[in-house]
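Presented sequentially are two complexes of chain A, the first with chain B as partner and the second with chain C.
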Partner chain A sequence: MIVANTLFTRLVRNSPYLLIALLVVPVAGGLLGVLLPAFSWLPALNETNFNLSGFSQLFSTPGIDKMVWLSFSTSLISTLLAFLITILILASYFNSPWLHRIQRLLGPILVIPHAAAAIAIGFLITPSGFLTRLFSPWLSGWDTPPDWLFPHDPMGISIIIGLTVKELPFLLLIALGVLAQPEIGKKLRAQHKVALSLGYCPMTAFFKVVLPNLYGYMRLPLLAVLAYSSASVEMPLILGPNTPPTLAVAIMQWFHDVDLSLRIKASAGAILQIGITVILLLTWKSLEVAIKKGSAAILVNGEREFGGMIIQRFTHLLTSIILSIIGLALVAMVLWSFAGFWSFPDLFPQQLVGQHWQTAIMQMQTPLWNTLLIAITSTFIAIALTLFALEAEQQNTKTISSISGFIIYLPLLIPSIAFLFGLVWVFEQVGSQHAYINVILAHLLFVLPYVFLSLANSYRLLDPRFGSVAASLGASPSKIFWQLKLPLLLGPILIAAALGLAISFSQYLPTLLAGAGRINTITTEAVTLANGASRRTSAVYALVQMLLPALFFLLAWAIPKCLYRARA
Partner chain B sequence: MQLNNYYRQLTPVSCCISFCFVIMLSLSSNVFASATSAEADVAAKQNSPLWQAIEKRGANQSVYFHAWGGDAQINNYIQWVGDRVEALYNIDLNHVKLTDTAEAVSRVLAEKSANNHNNGQVDLVWINGANFDSMAKNGLLAPNWAGQLPNFVLTNPTNNPAMTRDFGVPTQGMEAPWGQAALTFYFDSLKVKNVPETLPELLAWTKQNPGRFTYPKPPEFLGMSFLKYALIILNESQPTDVKEQLYLPATAQSQALLLPKLWSFLDELHPNLWHSGKHFVSNGLALRRLMADTELQVSFTFSAAEIPSAISRYDLPDTTRTYRMKDGSLSNIHFVAIPYNSAHIDSAKLVANFLLSPEAQSKKQETAIWGDNSVLDLSQLTPSQQSLFEVAEKQHISATIINIDNTRLLSELHPSWVKVITDQWLIRYGVQ
Partner chain C sequence: MQSLKINNLVLQQDNKTLLSINETVDGGEVLTIMGPSGSGKSTFLNWLVGMLPEGFQASGALYLNDQDISDMASHLRHIGLLYQDPLLFPHLSVEGNIAFAMPKGDKKERRQTITEALKQVGLEGMGQRSPNSLSGGQQARVALLRVLLSQPKAILLDEPFSKLDSQLRQEIRELVFEQIKLYNIPAIMVTHDESDAVAAKGKVITLASVPA
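Coming up: the complex of A and B.
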């Protein structure tokens, strides 16, 4: 396609470079900022000789092997579980209206920040939590809380529960997103039908026909989930053990330790964390290869039925358990936010009061404005850049190279704990003092990939003939973009915007570090208070954290409906 | 996450007790000091060209005050300070709420490493103990300014050496005192009948009531304070020259003499702690939450004033009572410091001076506001200033601390012990 050389087209042409630079420069700079201290180069402490003392300190830390194992096992098991449950749900409800009902029930979990989800699950499974109250004292005989080790169990089972429940809706959404794409979805459904007519039971047909095709589209999101969970801080901090904690939590504590020389060990730890994440990704890849090899024969052996009914019943049970965990956690949180005194083993508080909400709302105003300002700005930039980059792709009539495609996921694949501390150093080096700009840039690292992920397919699948017809009628590229493509894509754009906002709302470490602690958002306040003494106040903040993104998703869903109704 | 700044102070029960305390303090420290001479000193310093210049340069600017922000009462007090300094000097005070004071330490360090030597983002920081020691050692604090503050005279530093020593380390004018705190225990009077009032009694009580007591994992400040308290009490019977080494930098020899008693005590205590001593809470405030959940029945805090206010918010049962251990209560002073590269060094001094004013100190001491004990020597104040401290309040019974009169205050150990205890604790109990 020949494209006129206007300001718009130049802007569009250069946008992919800007997008890549915005992602690569901070990540690379941040990595450099931990790589140097990891090898003992930290002029502020008068350490200017490169050596390996950081690593030798790291490996002589008591329990370092347990920390590494805990990080490795919790993330691998939780990702595997979330993935397994996702495909079980897909397989069991593939052509049933329940699939979308379940998605709608789980959907809100997707937008809940990890910290809030961890707080909610903690409320449920602590010894004095909602779960034991349900059965006490009439069944268990406990009139004081049992002294069991949940949460904070040394095996990290609580972390695994938390991560699985949190990642499941994300994977399900990705899978349903793939199936919702007209071409792929239609093809897979048609193939599924063919398999059914060949006498395969629905479950077997899903595993043999749909899954092998579907998996390819889920690989990258799966790897992102794996990488994220190996290095996340909020869940292990709130639900995990601390004798010893996971490696990521330990790194954060070393970075924050009063003993400044620990920063060298922390940087070495960050490098080790990257190593763990890489090994995890490779482990996943080799599991993938092994399963592919192992199952090749089964795929074509003609067997029509693999105990589909049992698997289906098991899935029903599993789904109901997960939904009740989520439901109970939410009920417990709402109750805590209104609770007067609530002693064990009472199932309900002695009185319900509104004072926790009142006090919290009074204190919440500045953080709320900060949250909205940062989220809206970073999402707006992300949407604009993504749209321009995708438009550039269409004007050049080729999709961006696979390397660039990979780079977009870079901030999701590299453990953020490894580059964020370095990023603060980079901001210092370039003398960037404006906290809001720093925070918005840091948020952009996480908002951009998700917005791109969410918008790319819809944009690429937009029928090119609309554009061609408009162009042949003499419309300029900018007119086609603004007046044709954007209105057609309003729905997906609003959903991507809501997702971007939700991602920005949930950022804890980037806000804290890039903002020099000067900028409080709902999430930083919630995590500070989660460590605080009042379950009631932290319940209020966690609920606000949930309501905020939910509100914007509701808007994203309602606005197109109203507009189209108005037009009709 | 450790909350190093979690030291706030004791509520004087009533004006009567606070007066007794103050009178004792002033008797012991400076019998002959006259309020009028202190007043003259303050006035002289206030009118000195040096302070006049500071007032001139410091007014009409912003101050970023990095202070632990996990407590609504303290946050509201700092907000009030902000309103006052705005009225006095048109200073815009921004409270940067930290979850851990070490965050501010690392920020200043990052700035130093980036050669940002005069435009730092931290103007004033709430600090003491190991954080102070660490910043001082690395040259991260502005020196010799505390003596410039006119109100510093009111702490009577010449006769009150505690005002110029932070955990035994000389402050060299790098810090101005702000308040003082002592370790206070609390329990649910409905559940606990025989309250453990000494360290050996606590050990015996945990054996009868397994799983109902714990302490935060070191190096968390409150947990470390419990270990220090135990270390001091367990070594009571040692010769004086051995005990004295707790207040000096830890050496291999003094460790070998003093620490074994602590470890054998903990070996005996841990199996009967909450979660059988296999998991320790990460921060001090979690103790209060576990008390509210009735998972714990006896716990401790540095902020006794927080207990009645938590009861009023339903965060603790109405039957909670506070007390001090009969064998001693660990006590310390907390300070504010100015980083060497603060962008608003003069404005920060004005704020630090206001924090030391009788107005700010008396407000801080009110139980309903914060309940943090004043660092001023009341004998140095004029009668009208003294009257600010006379507050009669109707309080919840838990505001009355049992044993407050018949227990001694234990001094903080030398900061070097923190690292020594933490490292060995982590090796012994950190991996389970």
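Coming up: the complex of A and C.
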């Protein structure tokens, strides 16, 4: 395609390089900034000899084996559970209107930040939480809160519950997104129908025909979920045990310790964290291979019924339990945010007051402003870069290379705790002391992949003939981009913007580290408050955390509707 | 004698009658349904396999070998389907696709049956190949074997030859009708192509377009 050489086309042509650089430089620099101290090279502490003392300190830390096991087991079990429940829901409600009803109920959970979800689950399972109140004293006989360790249980069951509930909607929406693609979805549905006509019961037909083909499309998101959960900080910090915590939480504490020599141990821990994530990904791959090998004969043995009714009933029960957990957790949070005096085992507070909201709103003005400023700026940059990079694809008439495609998702696959501390070191080295700019750049690392993921499909599917027609009428590439493509893609752009904002709102570790603890957002405040004294204020912050992304998604949905209605 | 009996079927959408059929198809026979788009051909097939979409109403009964299967679940009807796309399962080999369709049984015997069947349709030695590596005509033959070896009591053909080029179309069409006769199965074919109807040598019902 011959394109005129204007400022716009040059900008567009170079945007993919800028996009890749913005992702590669911080991640690679961050990894280097952790790798060098891990091998004891930290000039700030007069450590300039490479050795393994950081690792020997790390492995002699009391409870390190438990930390590693907790990180490994909670992420593997929660991802496995979320995946299994996703598959059961899909299998039981495939081709049923209930599938989209469940999607509508679970969809909003996707935009709830991890911290807010953890706080909500905490309210439910804590000894004086909504769950025990629901069954006390009439069933349990408890007049005082029971003596149990939830949340913060040493086995990490609370973390598993939290991560599973949060990961489930993501995986379900990914699968439904694949099924909604006309080519793939239509083919899989037709193959399911063929299996039914060959005498397979619907459930077996799903497992033997749809799942093996659907799984290929879910693999990358599944690995991203696994990698994320292995190194996540918010959930284990709010729901996990303290002695010892998960490795990611311990690394964070070591990095923040006043004793700067712990940075060498923390860096060694970050390298260990990468190792755990890699082992987890390899474990998943091995499980995949084993299941594929073990099921090869079962797929073609002619067995047409595998207890479909029992599985279906079990799934109905499981889905009801999960929806109830989510519903009850949200109700509990709303109640706590308005609760006056609320003694155990009363199900509802004796009085409802608006005082916690008033106090919290007074306190949250700066964090709210910071949250919006950082999110809007990082999302704006992400949207602009993504649109230019996608336009460059069309001008070059070839899609982005697979290596570049992989790099875009790099920050989602590498544990953030492993490169964010190094990134802080990079900021220090280049003398970037402006906390806001550092935080925005750090947020961009996570916002950009999601915005790209959300927009790429719509942009690539836009009929190229619109552009050709406009060009034949004399429109310049810049006019075609601004006045034709962007208005046509208004809906997807707004959804991508809402997603970018939601991702930015939910960032805890990047804000904390890149901002050197000087920038408070709603999320950093909510996490701090979650382990503090006031459950009521914590509930208000968590609700605001949920309402913010919901508000922007609502706007993204409503704006195109209003505009199109006005035109009609 | 195998037979598929459609007893006083009236298919409606929003209280508007799409079609009325009262027919019996005997084993080895092919009943051809023709008609313009929107005349209810696909809806009729969906009713036959027990997958009538929401918004449609049906009265009448469906008998397969004198058994009323009108309210039977789709997967229990033993009615095989052959579409215009072969819809072979890409995660299974050619042999796997056919084995998938066959009833449970001795592994060795099933394998032997598949080998013989592949030989019969000129696909000898292709059992371990991936379906994606086959040509369109080869895929159509595998799809046919898959339906036939599932031992259906009736077969529905939904525009089964429309995506094949004219030479292949004739060849596959002959093979399909020959096998239907050989297995003595009642078949219903939906098609736009009159040459399909002629080749089927059975009764033809032409549906009228439904006024909007």
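Structural remarks
Just so it is clear, the second predicted complex is superposed on the first by the 557 of 568 C-alpha atoms of A that agree within 3 Å, B and C clash if a C-alpha of one lies under 4 Å from a C-alpha of the other, contacts with A are read in each partner's own complex, and residues count from 1 in each chain.
Heads up, the rule we're going with is that a contact is a pair of C-beta atoms (placed from the backbone, for glycine too) under 8 Å apart; a residue touches a chain by one contact, two chains touch by 3 or more.
Note that this is a predicted model, so its numbers are computed, not measured.
Aligning the two structures on chain A places chain B and chain C side by side, free of any clash. In the superposition on chain A, A:Gly307 makes contact with neither chain B nor chain C. In the superposition on chain A, contact of A:His256 is made with chain B only, not with chain C.
Of the two partner chains, chain B is the only one that A:Leu237 touches; chain C does not reach it.
Of the two partner chains placed by the overlay, only chain B lies in contact with A:Gly340; chain C stays clear of it. Judged by the touch definition given at the top, the superposed model places A:Pro487 against neither chain B nor chain C. Looking at the shared chain after the overlay, A:Arg536 reaches chain B, while chain C stays out of its contact range.
Put chain B and chain C next to each other and count what each touches on chain A; the higher total goes to B.
Chain B and chain C, viewed from the C-alpha centre of chain A in the overlaid structures, lie at an angle of 160 degrees when rounded to the nearest 10. By the document's definition of touching, of the two partners only chain C reaches A:Val194; chain B does not. In the superposition on chain A, A:Thr144 makes contact with chain B only, not with chain C.
Overlay on chain A (Cα): least separation between chain B and chain C is 47 Å.
Contact residues on chain A toward chain C in their complex (touch as defined above): 187, 190-191, 193-202, 205, 208-209, 212-213, 299-304.
Contact residues of chain B toward chain A in the complex are 1-4, 64, 66, 69-72, 75, 94, 96-100, 102-107, 109-114, 116, 119, 121, 130-131, 133-134, 138, 191, 210-211, 217, 219, 274-276, 278-280, 282-283, 285-289, 292-295, 306, 310, 313-315, 317-318, 419, 426-427, 429-432. Interface residues of chain C facing chain A in the complex, by the touch rule stated above, are 49, 51, 73-81, 83, 85, 87, 89-92, 95-96, 99-105, 110, 146-147, 150, 152, 156. Residues of chain A touching chain B in their complex: 42-45, 62-63, 66, 126-128, 144-145, 147, 149, 152, 154, 237, 241-244, 253, 255-260, 263, 339-344, 353, 355-356, 359, 363, 424-425, 428-429, 431, 433, 512, 516-518, 520, 525, 527-529, 531-537.
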